[in-house]
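Structures for review follow.
Common to both upcoming complexes is subunit A, partnered first by subunit B, then by subunit C.
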Partner chain A sequence: MATATMTFARVKVQRRFGLLLRVTIIVALLALASLPLVLGGDVWAQRISRAAIYAIIGLSINTLTGHAGQISLGHQAFVGIGAFTAAFAATRIGLPLGFGLAAGALAGMATAAIVGMVALRVTGLYLALVTLAFGLTAETTIFNWREFTGGGAGAFAPRPEILSGDRAFALLCLGVLALVLYADWRLVSTKAGRALAAVRNDERIASTLGINTTGYKLAAFSLSGLAAGLAGGLFAHWNQIVQAMDFEFQVALVWVLMTVVGGLRSRLGVVLASAFFALLPLTLPNFLAGLPWQPPFLNEAVYHVLPPFIVVVMLLVVLRFFPGGLGQLLRPATRWLTKGGKR
Partner chain B sequence: MKRHQLLKVEGLSLRFGGLQVLNDLSLSVREGQIVGLIGPNGAGKTSCFNCLTGIYQPQGGRVFFDGKDVSHLPTHRRARRGIARTWQNLGVIDSLTVTENVMLAQYQRAGYSAMAGMLGLAGTWHRERELRRDAAEIVEYFGLEAVADERTGELPYGVRKTCDMAMALATDPKLLMLDEPASGLSPEEALTLGATLRELRDRLRLTILMIEHHVPLVAEVCDYVYVLNFGKLLTEGEPEAIQRHPEVIAAYLGGAAAEADEPDDDTVTLPAASEPPKWPLTAEGGSHGTA
Partner chain C sequence: MGAFFALGIFQGAVYGLLAVGIVLVYKAKRVFNFAQGEFGGVAAFAAFYLVVNLGLPYWVGIVGGLAAAVAMGLTVERVIVRPLESASRTIMLVALVGVALFTIAIIVLLGQPIPRVMPPLMAGTGLNILGAGILPQQLILLAVLAVLAAAMAWFFKTDLGLAVLASSQDTRAAQVVGISPVAISRLVWGMAALLGGIAGLLYAPVGIFTPGFMTLTMLVPAFAAAVLGGMTSLPGAFLGGIAIGVVQNLGIYLLGQQLKVPGAAELGVFALLMLVLLIRPQGLLGKEA
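Moving on to the complex of A and B:
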């Protein structure tokens, strides 16, 4: 009897201790992650903004590809339209930043909804081709519409006084990222998440359960476009100038790849991989060029073409060894951190 | 007083290219009945189900449900009116757990919009807890508690089949359409299933339309039977009459059996055209092996 009580007490203490330990670790990790923002000055604040914007784009693609099982190779169009709309709202109409961002998000959503309506009639490879064609067409038409985008010179998107500091702007980007993460979490935890899982796996089964499969696919496109447009608006104000060349097909490809490398349907994986891919081209060339020993035949110009190569290698490694991406690799750790020992 | 017709099908015709899958098929199911749909393989039974649920668009004919023409409604709208079905190759979503599958099936009565859920509005949290509790009850009724948190993709056939049935019931249907509920069952388990179906019918005021090869089960549980052959209605009637019908025996066994003797009561069963695999179905709370 006594032993039983003692064992029980010990288990209880251990569990409480475990909870404390987990909370401590999570807080420590968050503190570690915020170090660059606190200590890194404006350079790192800029980089963190970029990482957060990429993470929002990654979550946008995750909504479409991870949740609804559709693919988009034309995401640069949604992000670009969001960016140009936000810039247009800021300079030509003079709307406050919040309204500009909302306008960008809505523009991205409307565009994605239109593409979605066309894309619903096709699946798989043909869907990829439709979105690819749309993205490429948007680049040469909408983005070259001088009145709207400023043509080759680009459109300016100045920040308001309060956000002129890079650190303040990084906080705004992180705040928006937090909102998107929250929405994604609630989406998958409620009926829409289960419905999307059914639509992704078997539309016939989904429809006999009363789920409007067409509606959900269209909603996934629209939501994805909303997040993409929002990220585009943030990007416009981050860079303070938007140019058509910022939204070429290559970036859309990198966005899809980073989402897959991060792991579809893994919020943490997508955020980490997006941040990594956002920072790689900014930090790697300088880092390598700064090393004391330079290998022969390599110079800074080569270092600048290295990141895409690394991206491809990472994709191959992920596809071959962990189809669930970074999220799959991290799952044991995240499971322990969120739920303790039990599954 | 005659009970009212819950489902009425008039002149259903379905063609795939040159193949006439269903030919002028008419049938009706009254409220509270258990109706069987039998016939050899390839007779068009599952195609008929697909037409009724709106997955196939038949070239001709009309479907009335609960007195209203639903012929032109998409599948999900028909489901919302109270048509639920199970699948021959199982209607479970493999990447979800058993509980999540049941909660998925509760989609129509979640009681909040998808948007409200995404925004995390206050009411949705509470409703989610209620749904989970209801799902747990359904899971328990079907004896699936031991595997409630397992992904269905990792479970054996019989358990997944039970989960499919649990899902169909979780939609809170008026009409339950079962596609070979006894396939993969031993004869004794099939008869237990018959008792379960009747209990469900009485407790939940269900109407059941089922495709079944297992004739003793059909004879035991069905109030009325339609026999399909080559997409046409061969005959219809009470199960006792059907079992003695020479054309039915001929359709199942080929021409030679037509002149066979009158079958003795319950010893003779019409063999299924193909032998279904033997897997245990644990509809009555048995053990599951892979818990």
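Moving on to the complex of A and C:
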């Protein structure tokens, strides 16, 4: 009897201690992640905004490809339309930033819904082709439409007074990211998420279960477009100028690759991989150029083409050796950290 | 307008040549080969290095370029395609997009992103066809396309070609009657790379070329050509390529020059692709399944 009580007490103590440990580690990791924002000054604040915007785009692609199993190789069109709409709302109409972002998100959603409506009549590989062709058309036609986007000169998107500081803007981007993460979590854990999983696994079986497959796929397209448009709006105000050349179709390909590297359906993996891909082109060249020893065959010009190279190597390694991406690699750690909450 | 028509036909020949390789891979493996353009890129850059940088004779450049393309095709098959054989088609497509970007990155790393001029196979001034200046190189391109499309159509009538189709339909059953899936896979990717290499070698001397020239501007029209032709039809790829070239150039003429719409070429291709997929998804000459 006495031993039983003691064992029970020890388990209890261990569990309480384990929970404490986990909470401490999570808080420590979050604190570590926020260090650059606190100590890094404006340079790092800008970089963090960019990372957050990329993470929103990654989650947007994750909604479409990860949850619904549809592919889009033209996502830069949705992001770009969101960006140009936000810029248009800010300078031509003079709307406040919040309304501009909402308009950008709605424009992205409307575009994605239209493309989705047409694209859902074709399946699988053809969808990839249609979205790729749409992205190219958007890049060359819509983004060069002078009245809307200012042609080659670009459209301005100034920030309001309160967000003119880079740190304040980074906080806004992180807040929107948190919102999108929350939406993603709610999407997955409700009926819609389970319906999307059924559609992803087998459309025919899903439809026999009474799931409106076309409706859910269209909804996934629209949601994805909404997040993409939102990210576009943030991008416009982050850069304060939007140009057609910011949305070349190679960018869309890199975004798809970063989502796959992060791991489809893994929120943490997608956010980490997106942030990494966002920061790599900004930090790697400077880092390598600042090294004390320079390899003889490398120079500054080469450092600037290294990031895409690294990205693709990562993709091929991920697909070949651990198809679940970063999320799969991190799963033991995340499972242990969140074990307490699930019970 | 006539000039645009003629330009379209010859521009379309390149799309057709790429589309023939795309159709080959699709027929045999049910995969959209987004790396098809870069087989041509590798061949063109290898040939440029041999002919211009090392000053070797032109035929060495051709042989070297094609060898480089085939080597790349076999490497891709071994390192990427075969391990992902059981993965979903979407993952395979993402991987092949990765291969294309990887190849472009390698070419940029080795050879700087500068435009280059490749000497043509046959020197000479342009011929006047319907008011457009057509280079001898472009005539060769069209002729080679016709020959290759016919040759590939004939290939699928031979025993070897039938073995490829059998393996595509049911790999296990084909294996039972002695058709090795590995050998078929190598054959298909080697041939696709050879076709892509030929396209790259023939197209590079038409104007200037930069790293990624085959993927960034050629690949989407080539896919549209393959879809228009029916995705499994080789004569379809030939006709589709030329049709896409003509539509693109008429788009440039009508939309771009008359109505001042930006990006008229891409818009034309996108509109045609959508029309085909919505009205006649099996394409001009395709059959069901």
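We adopt the following convention: the second predicted complex is superposed on the first by the 339 of 343 C-alpha atoms of A that agree within 3 Å, B and C clash if a C-alpha of one lies under 4 Å from a C-alpha of the other, contacts with A are read in each partner's own complex, and residues count from 1 in each chain.
Throughout what follows, a contact is a pair of C-beta atoms (placed from the backbone, for glycine too) under 8 Å apart; a residue touches a chain by one contact, two chains touch by 3 or more.
Quick caveat: nothing in here was measured; it's all calculated off a predicted structure.
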First, second, both or neither for A:G40, with subunit B first and subunit C second: neither
Contacts of A:N212 with subunit B and subunit C, given as first, second, both or neither: first
Contacts of A:G324 with subunit B and subunit C, given as first, second, both or neither: neither
Per-residue contact with subunit A, leading partner among subunit C and subunit B: C
Which superposed partner A:A133 touches (first subunit B, second subunit C, both, neither): second
Which superposed partner A:P158 touches (first subunit B, second subunit C, both, neither): neither
First, second, both or neither for A:V260, with subunit B first and subunit C second: second
First (subunit B), second (subunit C), both or neither touched by A:F309: second
Touched partner set for A:T190, first subunit B, second subunit C, both or neither: first
List of subunit A residues in touch with subunit C within their complex: 65, 69, 71, 73, 118, 121-122, 124-126, 128-130, 132-134, 136-137, 139-141, 144-145, 250, 253-254, 256-257, 260, 301-302, 305-306, 308-309, 311-313, 315-316, 319-320, 323
Subunit A-touching residues of subunit B, taken from the complex the two chains share: 53-55, 74-76, 79-80, 83-85, 87, 91-96, 100, 103-108, 110, 112, 114, 117-120, 124, 128, 149, 167, 171
Residues on subunit A engaged by subunit B in the complex (per definition of touch): 182-183, 185-187, 189-195, 197-198, 201-202, 204-213, 219, 343
List of subunit C residues in touch with subunit A within their complex: 32, 79-80, 83-84, 87, 89-91, 93-95, 97-99, 101-102, 104-106, 108-109, 112-113, 216, 220, 223-224, 227, 261-267, 269-270, 273-274, 277-278, 281
